[in-house]
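What follows is a set of notes on a single structure, which appears directly below.
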Amino acid sequence: MASDSPFGSAARVNDDILRPVLQTTWRFYAVVALLGSVVLWGAFAVWYLLSTGIGVFGLNRPVYWALMIINFVFFVGLSHSGTLISAILRVTHAEWRRPITRGAEAMTVFTIMVAAAFPLIHLGRPWVFYYLIPYPDLRGLWPNFRSPLIWDFIAISTYLTGSIIYLYLPMIPDLAVIRDRSHGWRRYLYIALSLGWTGSEREWSRLSRVLGIMAVVIIPVAVSVHSIVSWDFAMTIVPVWHSTIFAPYFVVGAIYSGIALVITIMVLIRWVFNLQSYLQPRQFDNLGKLLFVMSVIWFYFWFADALTTWYGREPSEFAVLRYTILGPFAPLFWTMIVCNLVIPFWTMMFKQLRRNVLVMLVVSLLVNVGMYSERILIIVPALSRGRLPSAWGSYQPTWVEISITAAAFAGFSLLYVLFTKFFPVVSMWEVKEGMGERAEAGVKEPGTPPRKTVEGAEGAYG
Amino acid sequence: MYKWAMVVDLDRCTGCAACVVACRAENNVPIAGEEEAGKGRASFWMRIERYWEGEYPNVRARYMPVFCQQCANAPCEPVCPVYATYHSAEGLNVQVYNRCVGTRYCANNCPYAVRYFNWFDPRWPDPLPEQLNPDVTVRFRVMEKCTFCIQRIRRGKELAKMAGRRVIDGEIQPACVQTCAPGALVFGDLNDPASRVARLAMSPRRFRLHEDLGTEPAVFYLKEQSYG
Amino acid sequence: MDKPVDKHEARQDTSRTVLIGLYDDVHAAGRAVDGLEKHGIARDKISVNSSVPLPVGTFRAYTRPSRLPYFSALGAFAGLIAGFSLAAGTAMLYPIATGGKPIVSLPTVGVITYEFTMLGIILFTLVGVLYEMGLPRVKKPPYDPRVSDGCVGVLVTCETEQISFEIEGILREYGAATITRFAGG
């Protein structure tokens, strides 16, 4: 009886998943040192920027926004999929989500944190950023809520708050497990963080209830955040930016690049922490299918947008499209098409390739190369080719911008590495629950869904 | 209530750029230097756009002074998150330097590209610092643009108020208008139907830049006539 | 009952005792709970600690209705009011004309109102769920850390010490590996 009981292998799951949390190797310190030095270099670049002026960027008239805003849009886009995928999979009770949710939610939190830094760095006077916070100044003046930048500020704050809560709530039971296993100062940390969780029926039933509500609430928030980021552009009258399709186009692109990053992170976690028996080919197969679908949808939106511009030939808009596709941005344009459409389409179509972890790593990285190119192509050409040809210009990034960008990628990785050091990167209780359900349903082979799906297992007590 | 407007008679403009120099001197517009100007960082509150027409040898240069169009429905205004730019009751598009945080959103949304940013601390080569205008703030890493010489408008209105009358047509002249030798630039109150600016703004030659965008600029151009 | 000799003794006597019977798997724990109920122990005196949500059907469901949706609704309402008054109200407090647009324009107010409504739901639901879970706990609760390694704890709150010995017997009868006592539940 005890051998196929749902709790029989709980201790093994704890051992497997908590190993990176409770044991520290030299590799961890090496990675932290490497990433930390890139972040420090970026901090130096920011100091140089603040002390000299925003002119140390490659910005000019008319390209007033460039790499910092590109990074902002890119990182907000990455943030999209973590919480969104986790929420959608929870709402639909997708069985294969279990080992993915935690890592995806954490990815969201850290990408938004990095993204939120860019609008501040890019300000002309970052030291007065608090003018944007909604409170009245001495004369009783509030910020301008008609400005899409304020919508952005509020949407990002909401999404960050929601994502942190959505990451934290389902982590409480796992924090209690670490609390029971750790010693020293870390034990006090987990005593505080686990809030005294005991795993009573009352706690479990309320947890499943709140995850049901939060998952439903966070999906529309995620959609609104990237819509609002797109409206930063679409609300202007800049040719090509001023487009009704921008909000769904951005949302689709965001989900696309986010899924790619989830895959990248899953491959790395699997490899670094030896979690092969948790992150199985089945998970990559399903994520690969999502990637395939998103690549097609993404291209559909891009094509619908570009086709109307091309066919309409409105001179100021067509000038931008020409500059994007045929001008100096042509190599970037073809990078985008190849990385975002051709490669994912022709690889993710095949099951063997979707189940090959190395292929998934390469394709997911290439998708984000393509999505980064897409963000550049959305922002720079439109500004370079304004309505008055006398004010046309171009843009080249400087070492300062490139350093800050590199620091952003390193900073995100660093936050993630530190996260895996303090928190279980796979949701232990969800995995155990899934194993229990499979055992109940009499399925022996690991990794296959239970024959008898336990209807609404999470909401069973609600 | 006044409603300030400008008329630019392209028939009279010779492209001499005296207005550009006068504007720079009046408004403490910083000097970017050769290298920065090459990168597109030069500030010209008033600039002369030059367009070449025809093929050699039948080439003709056309000049067009472009500066802030003081749009009634200015695209730059609502996008500012901190109300650093807003519309005054007298139809001016006002930039509040102290409030500006430098998002540069307004500049992106300006179809006329007449908003300029202070990429660095403002600089003037010697002896130009000696001639800075004490009536005008020196800007530091914020957005700036043509104000229709608001300092002159203020002084003109104050003088008129002390004398207990309205501003007389032609009494207030922005620096560019004052300097324009051929008299291509005319400034005045559009609400006064007798003013020169109001009469010229009704000319059949009138047009406004990108009128199709519905920005309702307060700058009227009078197009060149053909003397062929 | 005799007059208590010792103050300490007295407190022990009148305070409740919590017993935790630790079981290897959920089925054994389920049988124990059924057995306790058969012996006339009220279900609300029994609770189960586990490291995963209990499988459906193993136990009679925990039926106390959740008031979480009310918290969410309250949060939505508070957020809606806050968002609307921030976006529309502050614009009217200090009207500034920009771009020929109205001082209060409903579509832009709608965006802010939407975000604040969502933020309200999220924050109020968080507060609500912590309240309903009884977290964070200030006092250390009766708990056996072996639960996190997969054991299932059956907690019984006993009114008197006398009853507690009786219950200890029942728990053992159903195969409890160990039984821990906590004074003053």
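We just call them A, B and C in the order they show up, numbering each chain from 1.
The rule is simple: a contact is a pair of C-beta atoms (placed from the backbone, for glycine too) under 8 Å apart; a residue touches a chain by one contact, two chains touch by 3 or more.
All figures in this text were calculated on a predicted structure; none of them were measured in a lab.
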item: Interface with more contacting C-beta pairs, comparing B-C to A-C; value: A-C
item: Centre-most chain [mean C-alpha coordinates]; value: A
item: Whole-Å gap between the CA centroids of chain A and chain B; value: 45
item: Chain B-chain C separation of Cα centroids, rounded to whole Å; value: 66
item: Euclidean distance of C-alpha centroids - chain A vs chain C, Å; value: 31
item: Sequence positions of chain A contacting 2 or more other chains; value: 141, 144, 146, 150
item: Shared-contact residues (touching 2 or more other chains) in chain B; value: 75, 78, 80, 83
item: Interface hub residues of chain C, defined as touching at least two other chains; value: 96, 98, 101
item: Complex contacts: residues of chain C adjacent to chain B; value: 96-101
item: In the complex with chain C, residue positions of chain B that touch it; value: 71-78, 80, 83, 85-87, 216
item: Residues of chain A touching chain B in the complex; value: 52-55, 58-65, 119, 122-126, 128-129, 131-132, 141, 143-144, 146-150, 153, 232, 235-238, 383, 386-388, 390-391, 393
item: Chain C residues within the chain A interface of the complex; value: 24-28, 47-56, 59, 61-64, 66, 68-69, 72, 86-87, 90-91, 93-94, 96, 98, 101, 105, 108-109, 111-112, 114-116, 118-119, 121-123, 125-126, 128-130, 132-138, 140-141, 143, 145, 147-152, 155
item: Contacting residues of chain A [partner chain C, same complex]; value: 1-2, 5-11, 14, 134, 136, 139-142, 144-146, 150-151, 154-155, 157-158, 161-162, 165, 169, 172-173, 176-177, 179-181, 195-210, 213-214, 217-218, 220-221, 224, 228, 429, 432-433, 436-437, 440, 454-455, 457-458, 460-462
